[in-house]
């Protein structure tokens, strides 16, 4: 009689996983060797990677197609400004801000996690708009005028860039690790089961609501961190844009172009988006037309996304039955 | 008389105007195997859903292991030991067969790591799914889907197994395999409630047969007696079964 | 009386929202496509109407007539070329397509028409500013009533079409299971294309009404989109009467909210939306739970 | 150059960055930029002579997409990748404020315009009565005081009950105006009827209209986005609110916005920060205001646009600053040079260091009225008062809105 | 008698999986053919390929002399092919009646209409206005068969006819297949209840791993023969 075993790592992944750890260490050294431009660009890229990874986990693994993650981006950004204004060290404020976004996501989840599909999508969007309006109504937050993050000016430009970079790198590595561990844990298959059929998942003993909530809160933390990093990058925020739905459009673009429901896809998608942005940005309206055309082209030609086609799993999340 | 393992007490279920279950008293003892038959639309699946917790009854209570579980959600009931296979399979399309079963093992049975994997390997073997273990569930044919329903339910390590038409569409040999599997389960002490229209397969396993019609139980007893019952013949069988 | 007036204005506004939401509701109902380009298609329609008005000096209400068939064809082609293909790859890919389409339309309009703001109002004569004065504080805007009437007619007509006609039945069947629809002889592609054609034409109609009511420019598309989505969801996905009610509920909430404090106008709409979702039924006319 | 601590070397090329909204919601402001950039590049084609040294000058322009995050991103790109020596930014706080902030943080000199200076200065966190927190960023634009002066010189031209109904939104401009213009007008004897701030994008204004009607506000003032004003103004006509003076700002800057109002647009009073009748010359290009307006109209077959003035002025200031700096490649020195700079531009002579705050020159704004056109274009803007700058000729008196 | 349907060297793939392998057979007008085979043998795939719901990767499908291999599904319905799909696949939010009517819209001329369907499935009469998603499993099966009949097919493909039907209802279906349909249409059905299959069919075809391993008149085969063929004990090609 043949016996069987369940395997998770593949030959490729046994090599690639440690390499990725090395890559993170190499990236950590970038501010010592590279120009401020590279540092700044990589920081923007890391923010995009965080956002793409969060949206992918929500939609691709949890089946929660959110159009409202900008709510937590905005909260992360505004909380950073608010805490910094209270005299808290800006970089500490950014970490706290991500936690605040998570805390605020908890009551929100009570409402939106009741919703499914299209209702969930629009519901989260309206929640984000509501947060935007509440900020707009609050004059101490600058109201509709917006507000600037002043605390960072006390750092010399090069150091400010480097610190922001390291924090972005740390957040990115943390969020990717958290998502990886979560999806490889027993919660991973549970989330996918919920995505495919909630009732059937419940019938197999899956705690539907707590699992979804956990994912929702993790995504809120990640987006909050991205928001905090964004304000460190742009220094000025204004509610209509930091809470703007264009963030969701970007996430959608990155995740679908990269390959939804794969761990590596969103990272690839973020890099594609970043490159498209940088290469064509000087062409004004034509750049945007190009961006739209790229989106349509990907949807038509590689609907499963780049990594959906490659099908190599550097960081495998699945299970395989093999003969011993 | 000892309290049955799982029971419904005066359960009624309505969808709007339509009364689908009316005052149904149904009980299964530990280790018992009960077959449920009845014409289409009699309320069999609905009764199963009420027992499993995916439907709330309008009236009446559901008891399991001497405890009122009427208000417990399906996932709690599953973890307590009630497992259910759907009549119309509900696979997790985006996952492999192995992972489908794994969900039952890790969440329903609460197993972790190698123990969970071991349970999956066993169950896949029992249900003849080893060959397709690494296929995505969406690519399965109907009978594989049905087997996977059974496998997932088994993986949760139930004390009562609620089966809804898992035997339809099987060749004789396949049916015989299925009977052997379920008998084995029954032999290991799992109580079984099995809805099936293929009566000759059903009677090879169950000791008791219940016939439902129009939301009520119209016959309950030894299979041979129930199958001779005039009202059962009228409502369900249409002719005598040898 | 100002409160009554606010309700009246809100109802008129709600008609506009419902009209804009109609196409969204249709496309979502039939193809499960969340069309992010809907607002931009409406603005595209407004530009085309404006172009006709400007070129041939027709009144806007006349100019709409030749534009609608053009938009029907455009919608049909859109489905046949872009949306139909991306639909095959699951529900999320069309989202990417419509996102791409939205920015292509916006910026193509910018290239062609410049960022100047425009309006159809000046060409429509006095109807834009006409109203029935009931009391000093209560006026009923003619344009609002017209918009509401068109919304009721379009939504009602469409509802009847979907419920009663055999073509509508085919559309609903295809919506639920295109593969099986093919097995009973329905050409799913053609049905989808018809639905998109209708949705795009109605979007253009809605765009024209917004262009009569206010100004528009190439970037205006997304601004009203969320209200249209809210109307669809409040009304219960897929139900067109619900969409009408949803639009009106939203419009009234905004107008009444503004009466309390102008800042609360949009917020009040959002809060009503969230309250409806939080209610046990989760939609005014939810015939079924959202998919 | 690279890494923590590294810095650039000496070169003879100067790079000027220019950020403005060319696409997105504020694209209307950026419309003449293409033409202005052509003029500036032409004028700078032969480079600049600074302290006996000759420098080539390159202008790199970027689109902010009317979005603050994007504005910051392109500003940072210009700073880090193009290594700009001087940044220019214009039009709306969404574009200008993040660019200024990025420059301040990176220590790159920046000159900006077309954001009411209070929204630029206080909106970025400066506090009244405290020293300026900005060392590298400079601004020239009108402020609420200029509006006050202009309005109080215009409104008496038509007899009214001095009751002003205001619709000021909750955005950068609206908030700045509510904070300072309101009290100033009250001091001048006007009664302000303010129903409260509204959110941009509101679609129903019956609440405000009812209040204006009830209080009989014969003057109306607003700082809205164009579609909001169009919605309001049509609703006002439907509901029978017709003030004697309708004074609009922010919308109605460009003739297309008034044309879109149709008949309702004729007679609206507006305010201008530049028109071809401004009797000033660009020091960089040598063009008079009239030449600018005509040049633009002829090149693009479009009516002149008041953005032309400040956009050209930005390049005048840039050239003057680079020439005034002892070493134009030294950013600190360049910034310091701007703080005391005096330049001739189409919008007038700009002189920093004279207030209202250290980094800002307050420029004039003159009120006028949109009338039916008599010449090539359907509408004409006539200047009706010149309290802020008596050098600009007045063309006509204000007529009641009919 | 001429062949109504002829399948020639048909190949169907699911990705890498070769599910139907060079299958050839003919069905003459008015014939009733039972298709049997073990789980995963390729029965469903074969029926779907004939109906057009699954693309063939090789070979031809000919209906009444006309090659229909490249005809899209919905047009095949008009040539007279109707499939009752595995798993019923009703339109969940349409009522029972609407489910029937949708199929009736593009029907060929013929005897079937809503009343006719209700006559053979009396249990549907009281469910006429009910949404299909609320039907029990058996009620759905009956509606699905009725829906296929509504297109007035010349060739009716039935996948797992009796699945989920109570014995009484199964009798009703077979009665109808035997009498009403008998002269009007040709039937190709998948049925695992061998006794039923042999009783109702004129011919039995057995599939094993995508190939035909047995094709004989029903009268000439024994239960044992078929059972053996299921597992390839006999007749398995080398």
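Think of it as A, B, C, D and E in the order they're written, each chain with its own count starting at 1.
In the analysis below, a contact is a pair of C-beta atoms (placed from the backbone, for glycine too) under 8 Å apart; a residue touches a chain by one contact, two chains touch by 3 or more.
From a predicted model like this one, the values you see are computed outputs, not experimental measurements.
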If a chain touches chain D and chain E alike, it appears here: C
Of all other chains, the one whose Cα centre sits farthest from chain A: E
Rounded Å distance, chain B centre to chain D centre (Cα mean): 74
Centre distance in Å when chain B and chain C are each reduced to the mean of their C-alpha atoms: 48
Intercentroid distance (Cα basis), chain E paired with chain B, Å: 29
Approximate Å spacing (C-alpha centroids) for the pair chain A, chain B: 42
Multi-partner residues of chain A (each touching 2 or more other chains): 133, 136-137, 285, 288
Multi-partner residues of chain B (each touching 2 or more other chains): none
For chain C, residues that touch 2 or more chains besides their own: 107, 110, 263, 266-267
Contact pairs between chains, per stated definition: A-B, A-C, A-D, B-E, C-D, C-E
Chain D - residues contacting chain A, complex: 1-6, 22-23, 62-63, 65, 67-69, 71-74, 76-77, 80-81, 93-94, 97-98, 100-102, 104-107, 119, 123-125, 133, 169-172, 174-176, 197, 199-200
Sites on chain E touched by chain B in the complex: 14-15, 17, 36-40, 44, 86-88, 123, 134-139, 141-142, 160, 162-171, 192-194, 227, 230-231
Chain A - residues contacting chain C, complex: 59, 65, 111, 114-123, 125-127, 129-130, 133-134, 136-137, 245, 249, 252-253, 256-257, 260, 285-286, 288-289, 291-300, 303-304
Contact footprint of chain D on chain C as seen in their complex: 2, 5-6, 9-10, 13, 16, 107, 110, 114-119, 121-123, 128-131, 133, 136-137, 139, 141-143, 213-220, 223-224, 227, 251, 254-255, 258-259, 261-263, 265-267
Residues on chain C engaged by chain A in the complex (per definition of touch): 28, 32, 34, 36, 82, 85-86, 88-90, 92-97, 99-104, 106-108, 110-111, 222, 226, 229-230, 232-233, 237, 263, 266-267, 270-271, 273-274, 277-278, 282-283, 289-291
